[in-house]
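Okay, so chain A shows up in both of these, paired with chain B first and chain C after.
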Partner chain A sequence: MALLEVKDLCVGYRIFEGHLRVLNRARLEVDSGERVGLVGETGCGKTTTVKSILRVLPTPPAEVASGEILYRGADILRMSHRGIRDLRRREMTAIFQDPLQSLNPMFTVGTQLRDILKDSMGGRGRGRLSRREIEARCIAALHETGMPDPERIMHNYPSQLSGGMRQRVCIAEALSREAQLLLADEPTTNLDVTIQDQILRKLDELVDEKGTSVLIITHSMGVVRDLTQRMYIMYAGTMVETGRTKDLLAAPRHPYTQGLMESVPRLTGVGISDGIPGRIPNYLDPPSGCRFHPRCVHVMPVCKETAPEFFSVGEGHVVACYLYRS
Partner chain B sequence: MAKYIGLRLVQSIFVLFGLSLLIFSIARVVPGDPARAALGFLASQDQVQQMRVEMHLDKPFPVQYYYWIRNVMHGDLGKSSYTRRPVTTDLAQYIPATLELILFATLISLVFGQIMGILAGYFRNSWFDGLSRLVSYLGIATPSFVIAILLMFLFSQVFRLAPSVGRLPIMMQPPPTVTGFMVLDSLLAGQVKTALVALNHLLLPAFSLAVIHIAQEGRITRSSIVENLNKDYITMHRVHGIRTSRLVFKYLLRPSIIPTITVMGLDFAFLMSNAFLVELVYMWPGFSRYAVTTMLNKDLNAMVAVVVVMGVTFALVNLAVDIIISFLDPTIRIQRRGG
Partner chain C sequence: MPESILSVENLTKCFPTKQGLVRAIDGISFVMAPGDTLGLVGESGSGKTTTAQCIVGMYPPTSGDILFKGETIGAAFNRRPKHVKGDLRIVFQDPGSSLNPKRTIKQILSVPLAVHRVGTSRDRLARMKALLEMVELPADEYLYKYPQAIGGGEKQMVALARALATNPSLVLLDEPTSALDVSVQAKIINLLIRLRRELNLTYLFITHDLSLMRNVASRVAIMYLGKLCEIAPTVEFFEHPVHPYTKMLLSSIPVVSDEEEALKPHKAISKGEIPSPVNIPPGCSFHSRCSERGDSCAELDPEMREIAPGHVVRCNHWCGPEGE
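So, the complex of A and B:
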C-alpha cells in the first residue's frame, strides 16, 4: 500500500465571477521512503494539491468537490479534527516556498520551534519529551541544517535573519519531529540562486539520513533530477504523465511534457526555445476533454470529447494522452 | 527604550506649551465678556471693570499670557470664575471621577471587544460573525447618551438592578480620598461593601460609554484576525500541529491586537472629553461635564486648564500605547535598538 495516495481529487474555488475548477481528478502516489517530484507551470494546481493533502486549504473559498486523499489507507478529507491533528504532529510535515512569510514575525525562532515540539512530542507519559530534551532537540535541529551558533539563533526574531537562514529554520521546524512524509512546496524558489543549491543539498542530506518520504514541488527540472526517483507532470489541475525521473526526463511522451522540456534552456543549445504556445486555461470555463487540447500540436477529435485515461508506455511510465492508446 | 521615552516626554512638553498658547488666545478672541460672565448680569459696570483689572484683562495679550504662565509654574492655574474655587481644586475633584469611569469603560471594551472580534474573525462568515456585525453597526450608529438612557430605563427602572445616578448613594459615607477612585479608595479603606456599591454605580455609565468602542474595536480585531489567518505562518503553525488554543491566543492574537491597541488609546483620550452626555445622564460629577460647563460660561482659566489636561492625557496615552506596542511587536523594538 502506498504511504500517500491522492485519488481523483477535484478541488475548486468559489469566487465572485463563478466557480474555478482547478484540480480535475488529480492523482498522486508516494510510497514509503520514496521521493517524488511534482512539476508544472505556475497556476496548474500544485500548491492546491499540497494544501489539500495537509488539509489547510482556506475553505471558503476553496471547496473539495470529490476524491480521496489516503494516508496509509485512511482518508484525510474525512478525518476527525483530532485525527488530522495527530497526523500533522506525527506523520506529515511541510516546507513552504516563501521563508519570509512562513515564520511568525512576533516570536523568536526558539519560541516557535519549542512550541512545535511541545505540542507534538512534549508533556508527560511514555515517549514524551521533557523540557530539557525539547531544548536540546531544538538546538540539534537547527544545528543539523548547518546553522552556525544555534543557541544564539534561538533568541533571534525572524526579521533578524536572512532569507536563507529563515528557510533553514523552516527546515529545522519541519524535520525536528521525525515525520514520515515531507511535503516541500518550492522550497528554494524565493531564495538567492547561490543559496538555493546549499539549501537543496542540505535538505537532500537530511532526508536521506532520516529516511523521510518526500513530495517536492518545483519548476526546476534540475531539482527533480537531483532529488527525486519518480516524478509527476501536472497540467491545469491534472497529472498528465508520471514515471521514473530518469526515464521521463530521457524520453518525455506527453506533448505538454515535451514542450516543457524543450523550454528548459540548454548550455549546448542554440538560441531560446519558443516555449508552448498559448497559456494555462481559464478555470472558470476549462476546455472539455483533455485540458491541454487547445495548445496541443497533435490534437485529435477525441481529445475534445473525453479526458484520456493513463496509458502505459514503459515500466511504471504512464501518459494521459490518446497518442499512446494502442 | 528609556532614551526614547525621555525624548517623547520632552517633545510632549513643547506640544503642550504650544497648545496652551493656542487655547489661551482662542479663549480671548471668542465673543463675550468673561468678567461679565463671571459676575452675572446684575453686577454694575464698575464691578465688572474692577473684575477685568483683577483678571488682568485690561493688559495687553502677551502680558496676560506671561502672568498666566508664571502662575502655572507655581502650580497655580488661577481661579475659576464659575465655581469660584481654584481651578486645581476643581480638577482634583473631577478628573479622578472621569478617569475611573473611562478606565472602567476601556476595560469593558477591551474584554468584550476582543472576545467578539476573535470569535467573529476565527469563525468568519458564521452566524456569530453575522450577528456581531449587526450588533456592531447598531452600537456604532446609536449615540452613547441614547444607550445611557435605554440602559438606565431597563436596568435601573424596570429590573432595579443598578442605581441610576451618582457615584454613591447620598446616605453612604464616601471613603477617605486617596486616589479619587471611589472603588479603589473604598478597598484601600477596607470597606468592601462600599466598594461593591460604588462598582454598581459605575457599571451602567461605563457600559454606555463602552458600547461604541466594543463595536469599533471588535470590528478592527476581527478584520486583522481574518487577515492574519490567511498568512503563511499561521498555516505553517497549523501544519506543525500547534494546538488550537495556542494558535489563536498566542500566534494569531499577538499580531492581530496591535491595530486595536492603537485605536484603543485614541478612544481613551477621546472619552476624556466626550463622556459629557453620559456624565450628564447619570449625574456623574466628572471632568467632561466640567469641561463643557466652563466653555459655556466663558470661564477663561478653567477652559485653558481643561484643554491642557486633555492635551496631557493625549500625550501620555499615546506614549503608553507606543510603549505597549513596542513591547508586543519585536520588529519595532529591533528597529529602535538599531540592530
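So, the complex of A and C:
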C-alpha cells in the first residue's frame, strides 16, 4: 500500500466571479521511502495539492468537491481535527517556498525550533524529552543542515539570517523530528543557484539518512532530476504524465511535457523553442475534455469531448493523452 | 577593435548606510560592441542591477566613467541629453510593478512617444499599434486593456514595446524573464532574439540563469561582490571556464539531460555564501569560498588579465593555458 495516495481529487475556490475549478481529478502516489517530484507551471495547482494534503487550505473560499487523500489508508479529508493534528505532529512535515513567511519574525530561531520539538515529542509518557535534550536536539538539527555555529544561530531572529540560512532553519525544523513524509513546496525557488545546490545536496543527504519519503513541488526540471526517482507533470489541475524521472526527462511523451522540455534553456546551447502557444486556461470556465487541447498541436476531436485516461507507454510511465491510446 | 557602443571604465558605486559604506559596484570595466549581447551574470547582491541602474542613469556613479557612443554619460538622468535617454532604454524584472496599473496600455506606450516628441498624435497611434504588433500582441485587442487584465508574459512584452518606442540602439534587460515560467520565457527570449536581428539592437542582459545565457548571449560576464570575475565569448566561457567562481556557478546549475551533466565542471563544489558588501573580504573577494585558494589570495587583490582573445579573468592562480 502506498504511503500517500491522492485519488481523483477535485478542489475549487468560490470567488465573487464564480467557481474556480482548479484541481480536476488530480491523482498522486508516494510509496514508503520514495522520492517523488511534482512539476508544473505557475497556477497549475501544485500548491493547492500540497495544501489539501496537509489540510491547511482555507475553506472557504476553497472547497473539496470530491476525491480522497489516503495516508496509510486513512482519508485525511474525513479525519477528525485531532487525527489530522496528530498526523501533522508525527508523520508529515513541510518546507515552504518563502522561509520569511514560514518563520515567525518575533521569535528567535531557537524558540521556534524548541516549540516544534516540544509539540511533537515533549508530551507525557515515555517519549517525553527533557529541556536539555530538546536543546541538544535543536542544535544537532541545525548542525545537520550545515549551519555554521548553530549555538549562536539559536539566539538569532530570522531577519538576522540570509535567505539560504533561513531555508536551512526551515529544513532543520522540518527534519528535527522523525517524520515519515516530507512535503517540500518550491524549497529553493527564491535562492541563488550556488545556495540552491548546497541546500538540495544537504536535503538529499538528510532524507537519505532518515529514509523519509519526499514529495517535492517545483517548476524546475533540473531540481527534480537531481532529487527524485519518479515525477508527475501537472497541467491545469490534472496530472498529464508520470514515470521514472530519468525516463520521463529523456523521452517526454505528452505534448505539454514535450513543449515544456523544449522550452528549458540547455547548457549545450542548442537554442530555445518558441514555447507553448497560448496560456493556462481560466479556471472559471476550463476547457472541456483534455484541458490542454486548446494549446495542443496534435488536437483531435475526441480531446474536446472527454478527458483522457492514463495510457501506458513504458514501465511505470503513463500519459494522459489520446495519442497513446492504442 | 570595433567601435564600441557602450564602454564602462572603472565604474564604482557606493551607498552610505547605517552599517557602513556598501560598495555595490567596485571598479568594473567592460566594453560592448554594436550588436553584442553581453550576459551579466551573478548571484543576488553582486551588483548586477546597480550596474544597469547606473548605466541608465538612475544613480550617478561614485567614480568612473560610462561612455555611450563615445559620449560621457556619467551624470544622473536629469542631466543627460534627451537623445541619450531615448537611445538607451531599460526593461525591468517585474512587469507587474513597472507598468502603472491605473493606465491602459495605450497610455503607457504614449508616454515615451510624447516625451521624445515622436511624430504627431495620429502618427503616434499608428506607432503604438506597430509596436504592439512588433512584440506579437494583437494591437486592437490590447491597446485599451489594463496591465492587470493580461498575463505576466504579455506584460513583459508591453514593457519591451515601451522600451522600443523611441528606437533605442542599446536595451538593458534586467532579469526580464526570471519572474516567468519557462514556456513563457522561451517565447520572450525568441522575441528578443528576433528583435535584435531586425532592429540592430545591442543588449546588456542581466540574469542569474547561466543556461539561458548559453543560448542568448554572445559574451558572458560574471560578477561577484561588485567586481567582474571573468568575461569571455559564450562558447569559450562554457567550454573553458577559468575562474573558480565560474566553475562553482556552472557546477551548481540543475540540468535536465546527461549531455549537459557532462559539460559541467565537477570539481568545484558550491560552499559558503556571498559575504556582506559592507565588509568585503580583503584580497580577492572570493577567497573565502574558493576551492583553489592559495596563500596570497587573502592579501593580494588580483588584476584583470587577458588570457585569450576576449577572455579576461581576475584570479591570482591562472598560470597558462594548461593550468597548474
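Definition applied: the second predicted complex is superposed on the first by the 323 of 326 C-alpha atoms of A that agree within 3 Å, B and C clash if a C-alpha of one lies under 4 Å from a C-alpha of the other, contacts with A are read in each partner's own complex, and residues count from 1 in each chain.
Heads up, the rule we're going with is that a contact is a pair of C-beta atoms (placed from the backbone, for glycine too) under 8 Å apart; a residue touches a chain by one contact, two chains touch by 3 or more.
Computed from a prediction, not measured in an experiment: that's the story for all the values here.
A.B. asks: State whether chain B and chain C clash or fit side by side on chain A once the two structures are superposed.
C.D. replies: fit
A.B. asks: A:41 contacts which: chain B (first), chain C (second), both, neither?
C.D. replies: Second partner only.
A.B. asks: A:103 in the overlay: touching chain B, chain C, both, or neither? Say first, second, both or neither.
C.D. replies: After superposition on chain A, A:103 lies in contact with chain B alone.
A.B. asks: Is A:56 in contact with chain B, with chain C, with both, or with neither (first, second, both, neither)?
C.D. replies: first
A.B. asks: Roughly what angle, nearest 10 degrees, sits at the C-alpha centre of chain A between those of chain B and chain C?
C.D. replies: 80
A.B. asks: Please work out whether A:251 is in contact with chain B alone, chain C alone, both, or neither, and reply first, second, both or neither.
C.D. replies: A:251 sits against neither chain B nor chain C.
A.B. asks: Tell me the contact category for A:2 with respect to chain B and chain C: first, second, both or neither.
C.D. replies: Touch status of A:2: no partner.
A.B. asks: Once both complexes sit on top of each other, what is the least C-alpha distance from chain B to chain C, rounded to whole angstrom?
C.D. replies: 8
A.B. asks: Which chain A residues qualify as touching chain B in the complex?
C.D. replies: Within the complex, chain A touches chain B at residues 51, 54, 56, 58, 60, 85-86, 88-89, 92-94, 96, 98, 101-108, 112, 115-116, 119-120, 157, 159-160, 170, 173-174, 177.
A.B. asks: Per the contact definition, I'd like the list of chain C residues that touch chain A in the complex.
C.D. replies: Residues 43-44, 151-153, 181-187, 189-190, 208-212, 214-216, 234-235, 238, 248-257, 259-260, 263-264, 270-271, 273-274 of chain C touch chain A in their complex.
A.B. asks: Using the touch definition from the top, list the residues of chain B that touch chain A in their complex.
C.D. replies: Checking each residue of chain B against chain A gives 125, 229-243, 246, 250-251, 254-255, 328-331, 334, 339.
A.B. asks: Where on chain A does chain C make contact in their complex?
C.D. replies: Touch list, chain A to chain C: 41-42, 162-165, 192-198, 200, 219-223, 225-226, 249-250, 259-276, 279.
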